[in-house]
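Structures incoming, each one as structure tokens.
Across the two complexes that follow, subunit A remains constant while its partner is subunit B and subsequently subunit C.
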Partner chain A sequence: MLDDVAIRIRQNIGIVTAVLLFSILYLLYNLAHPKGFSSAVLVQNGDEIFALAMLAMAQTVPVLASGLDLSVGAVMTMVGCFASYLLTGAVDGTPLHLDIFGLQLGLGTFPGGISGILLGIVVCLATGALAGFINGCIVVYGRIQPIIATLATGAVYIGIALFLRPTPGGKIDEDLNWAMTNSLGDFAATVHIFDDGAASWFAPVAWIPVPFVLLVLIALLVWVPFRRSVLGRAVYAVGSAEGAAYMSGLPIDRAKIAAFTLAGFFAGCGGLFLAIQTSSGNADIPQAGAYTLNSIASVVIGGTSLLGGTGSAIGSIFGAMVLRVISFFFRIFDIAPLLQPLFEGLILLAAVSIGALGVLRVKNTLELFR
Partner chain B sequence: MSDAALTSPAFLALSGISKRYAGVRALEGVDFACERGKIHAVLGENGAGKSTLIKIIAGVVQPDAGTMRLGGSEVSFATPSAANAAGVVCIFQELSLMPDLSVADNISIASPPRRFGLIDARAQRRRAEELLAEIGCEDVNPLMRVRDLPLSRRQVVEIAKALGKKPQLLILDEATSALTSADVEKVYAMLARLKAEGVAILYISHRMHEVEALADRASVFRNGRHIETFDKGRRSTADIVQLMIGRDIAAQYPPKPSRGSPKPMLAVENLSWDKSLDGITLRVGAGEIVGLGGLDGQGQKSLLLALFGVLRGVSGQVTVEGREVRPGSPAAAKSVGIALVPEDRKTEGLMLPMSIADNLVIASLDAISTGPLVDRARENEAIKRAIARLQIKIGAPGDAVSTLSGGNQQKVVLAKWLMTDPRIILLNDPTRGIDVGTKQELYRLMRELADQGAAILFYSTDYDELIGCCDRVAIMYDGRIVRELEGDDLNETNIIASALNIDAAAPGTPGAAHA
Partner chain C sequence: MSSASLSLSRDDRPILIAALFILVILVAGTIYTFARFGSAPLLSPTYLLQQLQIGAFLGIVAAGMMMVILIAQIDLSVPWTLAAAAMMATSIGGPLAIPVGLGVGLLVGLINGIGVAYLRVPSMIFTLGVNAVMRGLMVAHTGGYAPQTAATDLMRMLAGDRTLGIPNALFVWAAVSVLVTIVLQRTALGRYVYAIGNKEAAAYLAGVDTRRITVICFVLCGVAAALAGVLLAGYSTKAYQGMGDAYLLPSIAAVVIGGTNILGGRGRYLGTLIGVVLIVLLNSVLSIMDMPEAGRQVIYGLVIIFMLLVYGRGERVTS
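== the complex of A and B ==
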């Protein structure tokens, strides 16, 4: 029994390291923060972490199948722009029209009200998944390296986002914004459940920020079942040894498409939240690029091998949180913004080096290359 | 001929099977059949068409012509999983395991037990434990990652995985080549059980004594054709070898020259490392071939790696021609004239996607360069010489090394090191999975190198080979050298007894331990 535990810890040392690193950094941050350990700080942090955590999960799945997805930031941005049209919450709906080369095409009216918002959310997430599905099909049927395929489709998705939002704009329902980016208590008050959040049994959990709840729900309802499904297992198998996976009769094409589709879905979740949080759509190209690169950094800090086959999206969430906490420190220590990239880079290097320390203990140097 | 023996109904029957790869004939009009409850050996040199035959039966490749019948009805498998579904399961020579997944994951990879649609980890683990127990290898923890297992244990997992598919026809392609002798016994017992249950078994091996011990019937292939099928005991080993290579072979091993006391080349004093080497003291003289024997995993591989500078934290003393050396890396080992033919040629020996030419010169670039630039003329000259010297059968030097057969790949590995003019050559089971003809060429080459003054340290899992090739054999047990055998003492009885670290027959009474 103890043997089993030891084996499991050894096999998940990357994730354990990321969790420990995050815990230490976040504790220090709260100790240094004038309002540390308060719901307000937690809510603010939750809002800042969510989108990157989703993109980190998105990046994890293709990486597990040994393929990078350079389009996750673009998918996020594109979905955000869709959301800025569909989640206005206007009572009598939103008229949609397409404006191509001076040609005006009416597309009818997108429903309004609460049902319209719910429908809008579904459409946005489906758009993200579809973008990922297209990536997967191009990789599998086009037989194109993932890194190149997604570099190209990423540019296309950014193009669509720019077409939708040449300048930042749009509007997201205010209640939706309030409900999703605050604590559970605020959520209950906004949607009028549990006596507007005043129910006595509800009080002990009312302080928890909604983004954290969403993160846990998505991890539990999407990632965990996927990991334990045959398709999820096949993704790990493909990343570990594709030839062996084929010879074992696994559906490797479907696994790869599923990996990219799930990546698109997670990136869509991130884009949706970012739009709700900022109440607008913005085809911000540098931001899309930065999110993509940070998602890769998160995956690595979270203990997933870029070679594929080992790691977990849960680790990547912690990787993203480590990355975000680092930038939180800049605020409280009042470091000049111009120095931020320099420090971020150094700390990222240090964080990744911790994971590489195990190399020093290896007695058979041949194992370093396996 | 023994065709009368083939009258009982065949479970698998191939007729007129042909296959060409890019115009090169791999199989030509092959008729072949095997029965339930029989172990049927398939013999032939590399390139004889055995692999293609198996790949066709297992659904990896499709034949150009011919038909295949299984249990009386005609079948054709488009994929390995289609073959599995029909009860045809193959354990391939190239391991089909996923190194990052656990043993339990790997064993159940194709059809894991499920609960509520999701993989049931606990049931899966139980299943792995049951299957491993069926082979008698309960010591493998199903939670371990395959990556962390030694090669011999991986092969056990591979066998358990195949067993879990409930095969009707089980194909083993060199499936025991990396097993320890204790595990081989267990696998034999398992095969006997399957045979009794009526499973048809196809067995491919280059180890003649294995085939003799196991097979009820054997078929010999040569140059893509089925040469002959015969029942156990109808042909002598010499006959079989001759059928396989199609020419007469005088002696399997080159003669050992008698020497006085050789000039010392490599001296190892009290070498220890981690838990696997414990005070090794060994001498190899110039012109000597010294074997490393014993059960698998007694430290033989670690010893070779330690000498080659791969291991950290080695204590003790190593001298080459009287000068103390302390190689800290393979590059350092190379510079003092040490070469290693590694255990796994696919990952440690070769860069598979690179060309034959690139692989040949990769260790000796310094010797063919002028300053920082590689001298093309000298490079081509060196490549030509190496290919001619080892008689490597290739298309063009620019072809990827992965296009070569296993035996020729191993020749490339050896040739690569010979180009560095090594004084000390370390060989880690270099004949694993290699055909008889190439093996004999390698034996001859080893002796030739020794005659030219090299010191050779040769680890092999094949006792026959150690006895035939080596001037002296050091038997290792639990990280120590327990005995050195030479002359008349160098026989199978003594090797086995020493490998088990038991006091067996007195020297010179071979056969006493066979009782």
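== the complex of A and C ==
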């Protein structure tokens, strides 16, 4: 029994390290914070973590299939720009029109009200998934290296985002913004369920931030079933040995397309939340780039090998949280804003270098060149 | 030249197609300008030289990037290596400006190389961290504002002036190009680079000190980025925040469009040269057409995908 546990820990050393690191850092953060261990702090942190955590999950799936997706930040930005048109919550709907090369095309009216918002969310997530699906098709049928194919599609998606929002703007329904970015109690009060959140059985969980609940739901309802499906296993198999996976008759083409589609879907979730949180759409190219790069860093910190085949999206969530908690510390300890990028970089370098010290124990140098 | 023969080698095909695509861009751009303004600026040598002068900075970065891509690594620290070299060069000033700038690139390349070659950290993540550190150092150094220091006369002369009507930056780019071509084709180092890119374990077993070669490649990439930074500071007479951000992705794209395999081990420098020219001309045609940023990004992405669909396709995995 104990041996089993020891083996399991050794097999998942990356994710265990990430969870431990996060737990220690977050405990210290709350101890140092004047309002530590309160719902307010938790809600604020949840809002700041969610988008990066989604992008980290998005990045994980193609990385598991040993392909990198450099377009996750662009997909996030594009979906956010769509959301800023579709989720305005105007009662009589939002008229949509397309101005392209001087042409004015009316596209009818997008429905308003609650049903409009729900439809808008579905459309946004579908857009993200479609972008990922296109990535997957280019990688599989075009046989172009994922890293360079997604670099190119990322430029296209950013272009679409810029086309939609040349300047930041748009609007998100206030109730939606309030409901999604606060605690469960506020969510219940906004959508009028459980006696506006005052039901006595509801009180013990009312403090939990909505973004955390969403994160857990998405992980449990999307990631875990995918991981256990044939396609999910095929993704891992493709990542560890594509030739062997092909000879075993696994659906490697479908697995790769599924991996990129899922990445697009997760990135879409992140973009949707970011738009809801900021109540606007913003085609911010540096931001998209920063999110893409941080998603790669999160994946590595979360214990997923960039070579593919081992790791998990859950680990990446913790990797993203570690990255974010580090920046929370800057606020607590009053580190000059000018020094923050330096510390972020040093901590990232230190983390990956310490993780790499195992190479010093390798006896056969040839093992290094896998 | 093999372009005359019917059967093209695997490495020549991309170069030829990319060169043809450059012609297509020139013709399409000229037709557009002729129809709209009644002139053909794209065909005037002055305009082309001016565009190539701007392209020289990208060309030098791409030359360094190619060394790293050929050994199946990547250097994401280029943007702030470039900016740091420019900022240090302008703030030191005097005759030491250029050596100090290049020294910054050498140092960054050395750190990258040691992290990737000896610690075996994936280059994607290690150079990303180094980029963040360089950015942090420069933000702390400048206080986050545009530095007030100016480029030295020598830097301005190298980047901005002309000799016999040809911009000096083009001479620097040509010198770098000749150097890289000689290293890749005529030296043992070049052979080792291709060998490592194909299979590092095999190169190691054949007696190549693969880790030292890896460090050398990263140092060359760092120095190239620093040289571009020093020149760019000379061209714009000062260093500024984020001056390198516009060079990372185009340099990778130029290398790949030129037929270099992103997984390393294959590709010729001539291709990278053509890839740079293609990107520079595409950019200038788009700016002549007054294309908004949105359209530029879309076209940019579609061109990369199109070029790779034509000749950059991988092989089907069958075993």
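One rule holds in what follows: the second predicted complex is superposed on the first by the 352 of 370 C-alpha atoms of A that agree within 3 Å, B and C clash if a C-alpha of one lies under 4 Å from a C-alpha of the other, contacts with A are read in each partner's own complex, and residues count from 1 in each chain.
By definition in this document, a residue touches a chain if its C-beta (ideal position, glycine included) is under 8 Å from a C-beta of that chain, and two chains touch if they have at least 3 such contacts.
Treat the numbers as computed from the prediction; the structure is a model and nothing was measured.
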Could you look at A:A241 and tell me whether it touches subunit B, subunit C, both or neither (first, second, both, neither)? first
Quick one: classify A:V43 as touching subunit B (first), subunit C (second), both or neither. neither
First (subunit B), second (subunit C), both or neither: which does A:T365 touch? both
Thinking of the overlay built on chain A, is A:P225 touched by subunit B (first), by subunit C (second), by both, or by neither? first
Would you sort A:V72 into first (subunit B), second (subunit C), both or neither based on which partner it touches? neither
Applying the touch criterion given at the start, work out whether A:G345 contacts subunit B, subunit C, both or neither, answering first, second, both or neither. second
Quick one: is A:A263 in contact with subunit B, with subunit C, with both, or with neither? Answer first, second, both or neither. neither
Superposition-derived comparison: subunit B or subunit C, residues of subunit A touched: C
May I ask you to decide whether A:I158 touches subunit B, subunit C, both, or neither, giving the answer as first, second, both or neither? second
Under the contact definition given at the top, report the residues of subunit A touching subunit B in one complex and subunit C in the other. 243, 246-247, 365-366, 370
Contact residues on subunit A for subunit C in the complex? 68, 138, 142-145, 147-149, 151-163, 166, 242-243, 246-247, 252, 283, 286, 293, 296-297, 300, 306-307, 338-346, 348-349, 352-353, 355-357, 359, 365-366, 368-370
Contact set on subunit B toward subunit A in their complex: 60, 79-81, 84, 92, 94-101, 105, 109-110, 112, 114, 117-119, 121, 141, 143-145, 147, 161, 273-274, 302, 305, 310-313, 329, 347-348
Contacts from subunit A onto subunit B in the complex sit at residues 3-4, 7-8, 11, 225, 228-230, 233, 236-237, 239-241, 243-250, 305, 308-310, 362-366, 370
Residue ranges of subunit C in contact with subunit A within the complex: 76, 115, 118-122, 124-126, 128-137, 139-140, 143-144, 200-201, 204-205, 210, 245, 249, 252-253, 256, 262-263, 292-302, 304-305, 308-309, 312-319
